[in-house]
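Listed after this line are the structures, all set down as structure tokens.
In the two assemblies presented below, chain A is common to both, partnered first by chain B and then by chain C.
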Partner chain A sequence: MTERVGILAVGQTKYCPNRADVSEEELAYEAIKQVLEATGLTLSDIDSAVTCSQDFWDGRTISSMNIQHVVGAHLSHEDKVTEDGINAVYCAMGQILSGHQDIVLVVAHTKESQAEKSLIENAAFDPALMRQLGLDFTSAAAMQAKRYMYKYGITSEQCAKVAVKNRANAKNNPLAQEPMDITIEDVLSSKMLSSPIRLLDAKPTSDGACAMILAPEAKAKKITRKPVWILGASNCYETHYLGDRDLADCDALTKAAQKAYSMAGIKNPLRQIDVAEISEEYTYQELLWMEGLGFCNRGEAGKLIDRGVTKMGGKLPVNPSGGVLSGNPTGVAGMTRVAEAVLQLRGEGSDRQVEGAQVALAHGVTGICGQLQAVMILGNS
Partner chain B sequence: MSTVTEKLEGMDVWLYHGQIYIPNTYSAGAVGSKFLIELRDRKRIVGTRCPTCNRVYVPARSICKDCYSQLDEWVEVSNKGTLLTYTVCNQQNAIQPVEAPIVYGIIQLDGADTGFVHLLGEVDPEQLKVGMRVQAVFKKEREASILDIKYFKPLV
Partner chain C sequence: MAKASSKKKAEEKKPEYIHVTFNRPRQYSWSTGRYLGHFYAEAKENKRIVGNRCPKCKDIWLPPTPVCPKCKVDMGWDWAELPQTGEVYQYTYLVMPLWDPHYGEKWANPYPSAIILLDNGVFYRHRLEETDKDKLRAGIRVQAVWKEDYEERGHGMADILYFKTIDEQEAKRCLQ
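Up next, the complex of A and B:
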């Protein structure tokens, strides 16, 4: 990139199973207030807002329809992005690099508690070929998990280790919804949702919001002492019809990662990246996405978790925050990964801090079996 | 739709209980329609072949995802195939055509280069295996729907 874009501040609500005590605008406001206070900016300093929600989850059916005034877009500029907030961060980055906007507020919010998850997910499938089968993201992900485990010999125990690690990490994150002390046996004896995915292999229903302020380098340095820079970013899609790809592989993620790495000058991700926040809605995904991200060869992520490479204190801690598994809503989860990466790079991770982190990876995913893959590399120097 | 106030940890909160009811149509297009009509009228599973990369798409598609070629060569594929993956889903939702537990699978039909997403039936979940051979079972009354195939059953 010719000019750098900085993230000035991040704000997150606590993630909860049900925030019926607040409206959507009030939920978004909780996160936005934090970034305004942290930067000393007011809404009149914001040139543009990029908001992210999903139509069926939010306004049913117009996402972000009722949050204009809390994002500063009342009589001002707002762009709406769907799928995941990590795309909204990408969009904000583009607005700044284009020179059109200087100070951009990014907000993602979702209340999963307000609608029936399975039916909303079902509406994402092709009406003629897949929707009538009654598939949802969990039953589709279960077929991906099965295919991945079959093709590469990944075991249920290795998947369960992801749940054990991430829910234990969540104990160090006061914003996490489900910090837990659990064992592999607890995971393997939890209720079977859709084989091989069990209750503790899956993320819980979650409500929450995340906000950020971005600015070009010169302004970022004036406003904050600790800006975090976006060094590389990309996204890539898989095809929609599930039978058109081998679900055991994730070529779209590999492509997104390669592009983000090349922008950021990353040649050896395992060595050059200090901490990774990866969107794992199900346990197998942390392993599969690590392969797509090039932290190991295809089929070898099970060995990484066995060797403790991804635990706190390991060579590459993955999801010190507790990850999506510990509770983040869809649409927000990928942006939460960016926020957690920023906290790590500012040295503000408190009990979940990876000491001396200088380069971090944030990954977002949306859709059926990881149809959209987004990768962002961030740095603090 | 209705509204109520509910007690939530010491506070009263007003909740709107809505349900989206919007009658709408969706066209499967010329290619998708022909695929579904072949199921109804001839109990045939048809796909399209890419003139550039030779890939056979089933269900039939109009554009190749790799080559961007328009696909207009129709091919009939077998109603038998190999199971690529599966799941036994214990969660019921209002759209599922049968009671849970419901078995989903992706099947590579003989003659096709893609997987076909559908249901499995007449199968003991314990017997399910990636690589097992399965065969389509058609419904008697068909209406040009993906559900004109009742399910795929193991080949014995």
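Up next, the complex of A and C:
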């Protein structure tokens, strides 16, 4: 990139199973207030807002109307992204690089508790040819998990290790929804949702919001002493219809990662990246996405978790925050990964800090079996 | 004979459009949160319409909001009771049957939906009792009519049944 875009501040609500005490607007505002306080900016200083929310989850057409006041979008610029907040960060970056906007507020919110998760996920499938199969994201993910485990010999124990690691990491994150002391046995004996995915293999229902402020380099340096730079970013879609791609591989993620790496000058991701925050809605996904991100060859991520490469203190800690498994809402989860990467690079990870982190990876995913993949590389120097 | 057969042929060629139909509704349950929740509570407990006041421009917003849209500052927690009388600012006369999305019942039609300018200059939006469109004009003075039974209240704006026309003399003047 010719010019750099900085992230000036990040804010997150605590993630909870049901925030019945607040409206969506108030939830988003909790996160927005944090970034305004951290930067000393007011909503009048914001040139543009990029929001992320989904009409089906909010139960209204044009879900961003919900939060218009709290993003300062009265007689002002606002765009909505409806996939994941990480894509909204990407759009904000583009607005700044275009020269059209300077200070951009990015906000993602979802209250999963207010709607029927399975029905909304089912509505993501083709109305004529897929919805009638009664699939939701979990039952579709079960097919992907089975195919992946069969093709590469990944075991249920290796998947369970992801839950054990991430739920334990969540104990160091005061914002995490469900930190837990669990064993592989606990995961393997938890309630079966859709074979082979069990309750502790899946993320819980979650409410929450995440906010950020972005600005071009010169402004970023004026406003904060510790800006974090977006070094590379990309996303990639793959086919919707199950069966048209091998679910055991994730070519879209490989492509997205390669493009982000080439922008950021990353040739050996395992060596050059200090910490990774990966969107794993199910345990097998952390392993599969690590392969797509090129941290190992295809089918070899099970060995990485066996060898402890991805635990805290390992060569590449993955999800020090506890990950999506410990509870983040869909649509917010990928942006939460960016926020956590920023905290790591600012040295503000407190008990979950990876010492000396200089380059971090954030990954987001939207849709059925990882149909849309987004990768962002961030650095602090 | 030839003519009749070509007509029949044309009928046969009429394309058939196929539709995929879904009838399963999706359920939602929205939290009002603190601000709208206070508006709901005042309606149920005290039959009051309340808005919140901006600390900077002192404008009152209805529905209440955490941030003043104009000044873009935090609203704090400053409430104002609004008058229950005002005038019809504009209205639209609804003749298409529509479902009440909350209760699944069809509203009796026709009826007017109106923007009402309350006597303190704040706008509110509600239905009008008057269904005779010859008796409707912008400028007619109206007043809120509440559900009297406490147990039936608790549904926010629906705790007011409608706004009824008051001051018939003035109404007549408006209509002239």
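Assorted remarks:
By our rule, the second predicted complex is superposed on the first by the 379 of 381 C-alpha atoms of A that agree within 3 Å, B and C clash if a C-alpha of one lies under 4 Å from a C-alpha of the other, contacts with A are read in each partner's own complex, and residues count from 1 in each chain.
Operating definition for what follows: a contact is a pair of C-beta atoms (placed from the backbone, for glycine too) under 8 Å apart; a residue touches a chain by one contact, two chains touch by 3 or more.
Nothing here was measured: the structure is a model prediction, and the numbers come from that model.
By the touch criterion stated above, A:244 is placed in contact with chain B alone, chain C being left untouched. Looking at the shared chain after the overlay, A:192 reaches chain B, while chain C stays out of its contact range. Applying the stated contact rule after C-alpha superposition, one finds that A:119 touches each of chain B and chain C. In the superposed model, A:259 lies in contact with neither chain B nor chain C. Set against each other, chain B and chain C touch different numbers of residues in chain A, with B touching more.
Look at A:72: by the touch rule set out above, it reaches chain C but stays clear of chain B.
Of the two partner chains placed by the overlay, neither chain B nor chain C lies in contact with A:315.
Of the two partner chains placed by superposition, chain B and chain C are both touched by A:20. Of the two partner chains placed around the shared chain by superposition, chain C is the only one that A:44 touches, whereas chain B remains out of contact. Of the two partner chains, chain B and chain C are each touched by A:128.
Contacts of chain A with chain B, set against its contacts with chain C after fitting on chain A, overlap at residues 20-21, 116, 119, 127-128, 131.
The part of chain B that touches chain A in the complex is made up of residues 6, 8-9, 11, 13, 15, 18, 20, 26, 28, 32, 36, 57-59, 61, 65, 84-91, 93-97, 102, 104-106, 108, 114-119, 125, 130, 145-147.
Taken in their complex, chain C has these residues touching chain A: 20, 22, 24, 26-36, 65-74.
On the chain A side of its complex with chain C, the touching residues are 19-27, 29, 33, 42-44, 56, 59, 68-70, 72, 74, 111, 114-116, 119-120, 123, 127-128, 131. Contacts from chain A toward chain B in the complex involve residues 20-21, 60-61, 116, 118-119, 122, 127-136, 138-140, 142-147, 150, 191-197, 239, 241-244, 247.
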